[in-house]
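For reference, the structure discussed in these notes is given below.
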C-alpha cells in the first residue's frame, strides 16, 4: 500500500510547487492542483478499497522515527480511509467546479485550496492533539482565504468574522492542549483518558479541548459566525466547508471523545440541541445557501448526537455514523454545487432546474438522502440507530431525533416543491457543463453509497429488490414515449402478480389484486397522455414497487422500507398536480411523521433483535406492547387519513392529476389499511391501562366515517368531495377492522375492494369531465348527461354501489356490516356509522346532479364524451361492480375461509341459495333477478303508455309562468345542502386544520425569534461562542466550579 | 334455477290487493280529514279516477332518459320493498320474495326509489325539483336514524335479522309485541315513521307554497300515474315493515288491513295537528328527540 | 306648526305660497327647480321630514307642464308636506333624488315609463317597470288616448252594449219617471 | 259616453328589440373554440303542438272523458281579482273536492286553467305560456265579464277584451265577480261538455295555431319565447 502520509505530503508538496509556476501559466497550475488532489483521492481510495476488501490492517505511521508520544503519529484505519477519501474527493470535485474562480485568483488560491484539503486529511489522520491544533489553524487561515473566491461582497465580512471567532476558539484549544499536557504528560490522543466528567485538573483540560472542538462544529446557537460563510462563499468552497470540514472536525471530536466515554452525554446534549435548533431555524430561511448552512449545522448536530451514543452503538457505530455522515456529505456537497447553477438566491429560483430533468432527479436524490429515505445510507443508519437506542431505553432521544428529522424534511420538501412547481424565470442562459458534470458525479456517488450501505447492512439491500429496480429502470426509459412506458408498466405489474401469485395467502391476494391488477387497470387510463410524460412513471412505479413489497413483507425492515418507498413515490406523484404544491408538502409531512411513528414502533417492538419478523409483533412484551400498538396505529392512520390526521388528504387527492387521483385514493390508501390489518392481526387485543386499544380505533373509525362524509357534503369541488369521501370510507374500513370479529374483517375487505373500484371509477369519471370542462367546480357544470353518457353511467353505478342501495355490491357491504355489529361489544360508535350512511348518499347525489343533471351551460354545449382511454377502465369497473354484485362469493369466499383462521366463529355459509350468516341471509342472485324483472316490467308499461312523449329542451319547464333567464341562474347546485349546513355546519368547523396550522405557526415563530441571535456582528458572535462555553461549563459543573 | 310460478302469481296478487287497499285507504284517510273539518271530502274512488285521467292524457313530454326512468325506479322501489318483506305471517306464499334477503335488504331498498326519483326529477332541470330533493335528502338522513337504531336494538333483542323470525317471536298475545317488550325502540322507530311519511310536519319537501310540489314538479301523465301508484303502495310497504317489527305482524289479510290502517293513522294524526317544520328544524328535532330515544333503545337492549 | 316651518324655509329659499288643505298637518308648497334639492335636504335633515311618501306627476297638458309632487312626512310631528315642482312638458327632465331617498329611484323609474320624464343618473331608470314590451308613447300622458288605443288594439265583442250608469239605474228603479 | 280622440293613431311601426338574454351570442368553450349560441333554438323545443286523435274505441274515449270530467285539476294561478273567489271553494261551505276538483301547483299536472278576471297583456303572456305547458286534453274557463268583453276595463290600453282570441276557451262564467256558487255551476257545465266529448280546446288550439299566434303576437310586442312552450 502507498503510505498515507503521502496524502499530506502530496498536498503540501504541490502547494509548494505551485509557487514556482509562472503566474500566467494558469493552466499548468490548475493541472498541478488537480493532479495533486486526484493523487490524494486515489491513495485514500486505495486504502478504502483495501479495507473494504479486508486486505488491510489499521496502520500507524510514525513521522520522526520515534514512537508516540515522542513524535507525531498518523493512523490509517477504515474510518480514516473513508473520510480521507471523502475529503480529498470533495476537494478534487470542488476544484474542478471552481475552475473559473481559481483561474481568476491564480496559483495562490490553488495553493490555499491544496493546503486546506491537506489539513483536513491531516485532522482526520493525526493522533496528536497539538498536531490537530496546527491543522485547525491551517484550515482557519485557508478558509479565511478561500472565502474570498466568491464574488459576493459580503464574503469579506464573513471571512473576517470567521477569523475572529475561529481565533478565539483556537486559543481555547491551545489552552486546553496545554492543560492536557500538564495533566497527562502527553499530547498523543491515545494517552489521554479515560478522564472522568469533571471540571478541574484533567477534567478542565479535556473540557476546554472538547468545547473548542465542538465549537468548530458550529453548534446551535453559537454558530452565527460560520453561517455567513455558507451564505456568501463560493458554492464550491461551501461544499468543502460543509461536507469536508464538518466531517473532519467531527472526526476530531470523535477521536478525543473516544478516550473518555464519561463525556459522551455532553456531546449528545449539544448534538441534539443543535440538530433541532438548527432545523427550526432553517424553516424560516429563504436564502438557499443559508438554509443549506443551517441544514449542515443540523446534520453535524445529529452526527454529534450519534457520537455521543457510541457507548451504546458498539459495533454498529461506524455503520450508523458513517451512513449519516456520507449521506450528509454527498447530499450537501451536491446541493451546494447545484446552488452554483441557480442564478439567484431565493429558494423559489430553484425552479430554473426544471430546464434539465436530470437535475431535478439529482435534487430529489439529495433531498431524500438528507431526510434519510431509502435506498440511501441515512435510511439504514436511522433504522439501526432507532433500534439500538430503543433497545437501550433511550426512547426520548429517538423521539427528539425523529422530530428534528421531520422538521428538516418539512423545509427540504417545501424547497423541492418550489423547484418543481414555481414559475421558472424567463430568459434562462443555460447551465455550465462543467458544473453540471460535477453534480452528476455526486448523484452517482449518492446512489453508489446507497448500494454500499444496503450491502453492508444486516438487512436486505433495498437496491437489490426486484420491484425497486424495475421502478428505477423507468428512469432510464424516460426518453421513450409515454405509451410505450405505460405498456411496460402494465406488463410489469401484471407480470409481477402472475409471478408472485402462488405465494400469496388470500388476504395478500386481495391486496395484490387491487394493487397490481387494479394498478394495471388504472394505468389503462394513462394511455390518454401522449408525449413523454417525464417524471410520471418512475415515481408511479416506485409507489407500486413499495406497495407490492409491502404486502409481502415478512420482516419489519422490509415493511418499513417498502412503506418509505411507496411514500416517496406517491409524494412525487402527487406533486405533479397543477396546484398541488402545498398539498404534496402536507402529504409528505404527515406521511413521514407517520413513518417515523412506525419506525419508533418497530424499534420498540424489536427490542434490539434484527431482523424482526412481523409475526413476532404478537410476542412483544406486555410493558411495551401498548406503546408499540399506539405508535404503529398512529403511523398507519396517517395513511388512511383518519380524522385528526386527515388534513393532507383532500388537497393531495383533489389536486393530483386525473389518473393519479385513483392511484393515490383507490390504491395507496389501502397501504394504511393493510398496515392496520397486520397490526390488528398480531396485536389485536392489546390492553392499555385495562382498556382495549381497538376501542379507540372503533371510535376513530366511526368519527372519520361521519365527519368525512359531512365535510364531503359541503364541497363545491368534485374531486375534493371524492377526497373527503375517501376519509369517510377509510373510516368505515377502520371501524369494521377494529370490530375484531369475523364479519368485521370480511366487511373491511369488502370495503377495500369496493372502495378501490368505485373511488377509482368516480375519480376517473370526474377526471374525464375535467378534461373536457377544465373545471372541477360542480356548479359550473350541469346537464352533461346527454353529452357524456358513459361517464354518467359510471358515476351512476358508482353511486348506487357506494350508497349501499340494492342490488349493487355496496349492499353486500351493508348486509355484512349489520351482521358484524350484531356481535360487536361497542354500540355507541355505531350510531355515527348509521348516520354516515345516508350522508354518503347526500354527497354522491350532489355529485351526479350538479355535473350531469340540471341545466347545461352555454360553453359546454358542444362538449365531447370523456377521452376514450379514461372511459376504458371505468367500463371495466362498471362490469366488475355488476358482476361482484351478483357473485360476491367468487372473491369473498376464500377470504372468509381465511379469516376463519383468526376468528373461527361467526363465518358465513355459502350455499347455492344465497349467503347465510348467524343472523340473516342474503341472496344476491335473487335480489338482482327480482329487481330486474320488476324494473323491466314497469319500464315496459311506461313505454307502452308514454312512448310518444315529446322530447323537450332544457328551458321547457313549468317555471311559474315565467321562463328561465339563463342556465347559470337556473341550475341549482351551489351550496346545495344549505339547510344541512344550517343544522350540522358547526360540526365541520376546521378545528383540526386550525390545530395543525397552529403547530406549524409555533415552529415558525420560534424560528423567527431565534433569528434575533444572528445579528451579523462579529463581536456578538464571538461573545456568543464564549457565552456558550460559560453556560456549558456552568451547567456541566452543576453551578459549583 | 327454475321459475316458481305460483310464487310469482301470489306476488302479483299481493301487489293487486295492496294497491287497491292503498287506493281506498288513502282516500278514506282524506275523507276522514274532510269530515273532521266539516266537508264531504273526495269520493272514495277518486284515486282511481285521477289515475285513469292521468294515464289518459294525450300529450306528454320527456326531459331525457333519467327523467323517463325516474318513475320506473320509484315504482320498482315500492313494489320491490313490498315483495321483499313477508306480508302475511305464517304463509309461505304471502311471504313473496322475502327469501332474497332479510331486514337489511328492506332497510336499504327503501332508498332505491328515492335515488331514482331524485335522479329523474333532477334531469328535468327544474330548480324547484332540485331544491325539493335537497330538502328531502337532508331530512331523510336524520329521520331514518332513529329507525336504524331501533332496528339494531330489536335485532339484538331477538338475535336475528330475519323478519319472519322477528314476527314469530311476537306471536302468542298482544303483550309479546315489540311495542310492549321494547317500547323505547318502538318509540324511536315511530319518530322515523312520522318523519318519512311525507306528511306534516315533515312535508317541506313538497311544500306547494314555495317550490310548487318539489321533486315531481315536472311529472305528469303516466309518469305521474306510476308515482301515484307508488304513493299509495310505498307507505303501505313501509308500514308493513313497522307492523312486522313492532306490532306483531299480520296473520291474515283482515288483520293486515286493520293494523296497517291503524299504524298509518299515527302519522296522519300527528300531521293534522302540527304545522310544517323547515328542514333544519326537522333535522334538529330528530337529533334532539329521535336520536336520544334511539340511543336509549340500543343501550337498554 | 307647518307655518313655522314654512317661515323658516321662506327666509332662505324662494317658495310659493303655503297651500294648506283640509286636513290639519297637510300642506303644499310650490317651488322652483333650483331649490328642490336644498329644500328637500333641509326638510329631511333639519325639519325631520325623514319619509318620502310618494313622488308622482300630473300632466298639465294645457300649460305644457308636468307637475312633480314630492310628498314628505314627518313621523314625529305627524306632518305631511308636499313640494310641487313644474317642469317644461317638452323638455321633461327631472332631477334625481335617489341619493336622498333610495326609494325615489323606483318612483322615478315609474315616472319615466308612464310619463316619459327623464331622471338622468337614477339607477335602472331606463329599465321596464310595469309595462312589458311597450313601444307606444308613455300611457299616462294625457295626449295618449287609452280608449282609442284600446279600440285599435283589442276588438270589442259584438253586441256589447254600454249604458250610462245613472240612466240605467234610473230605468230599473224608477221605470215610471 | 267617453270622449275619444278621432285623430289618435297607435304606434304600429316601432319594433320591440329582442331581449338581451335571447340574442344569439358567441361563447368560448373550455377548449378555446368559439361556438354560436342561439338561445331560442338551443334552450327551447321548437315543435308545434300536435292534434291528438281520440281513442279508437268510442267507449274507451267516453270512459276517459268521464274520468277527465270527474278529475278536474285546476292550476293554482290567479290572474286577477277573481282568484279570491276560488278560495272559498275549498272551504267546508262549498267543498269542491267532492266533485273531483283539486288544485295543483304546477301546470304539468293541471288540466284546467282558470283565467280568473281581467287579463293584462303582461299576464296574458304568462297565461299563454302556462296554458301551453299544460298537457292535453286541457280546458280553459274564463271568469267574469273582464274575460268576456273587457268588463270595467273595456277602455284600458293594457287589458285584453276577448279571451277566446288568445286561448281556446271552453266556458265563460259571467259576473263581476261571479260568486262561488256560479263557479260550481260553471264546473258542472264544463263537466257536461267534457263528458259529451266537446271540450277539445287543446286540439282546436293546435289546429288554429297560426291564428292564435297571430292574435297573441299582435298584442304582445316583446314576444320573448318560442312559438309553443312545451
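Going in written order, the chains are labelled A, B, C and D, and every chain counts its residues from 1.
One rule holds in what follows: a residue touches a chain if its C-beta (ideal position, glycine included) is under 8 Å from a C-beta of that chain, and two chains touch if they have at least 3 such contacts.
In this text the structure is predicted, and so the values were computed from the model without any measurement.
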Inter-chain pair with the most contacting C-beta pairs: A-B
Where chain C and chain D are represented by their mean Cα positions, the distance between them in whole Å: 35
Length of the line joining the C-alpha centres of chain B and chain C, rounded to whole Å: 60
Cα-centroid distance, chain A relative to chain D, in whole angstrom: 70
Where chain D touches two or more other chains, by residue: 45, 106, 108, 224, 230
In chain B, residues with contacts to at least two other chains: 59-61, 212, 217-218, 221
Residues of chain C touching at least two other chains: none
Touch-based graph of the chains, sorted into line, ring, star, complete or other: other
All chain pairs that touch each other: A-B, A-D, B-D, C-D
Complex contact set, residues of chain A against chain B: 783, 785-786, 796, 799-800, 803-806, 811, 814-815, 818-819, 821-822, 827-828, 830-831, 834-835, 837-839, 841-842, 845, 848-849, 853-855, 913-914, 917, 919-923, 925-927, 930-931, 934-935, 938-939, 941-942, 945-946, 948-952, 954-960, 970-973, 976-980, 982-984
Complex contact set, residues of chain B against chain D: 34, 37-43, 46, 49-50, 52-53, 56-61, 208, 212-213, 216-221, 224
Footprint of chain D on chain A - complex, ascending: 772-775, 858-863, 950-956, 958, 961-967
Complex contacts: residues of chain C adjacent to chain D: 130-137, 139, 144-157, 160, 162, 164
Contacting residues of chain B [partner chain A, same complex]: 1, 55, 59-66, 68-69, 71-73, 75-76, 79-80, 83-84, 97, 99-105, 108-109, 111-112, 115, 118-119, 122-127, 130-131, 133-135, 137-138, 140-142, 144-145, 148-149, 152, 155-156, 159-162, 212, 217-218, 221-223, 225-226, 278-280, 283-284, 287, 291, 294-295, 298-299
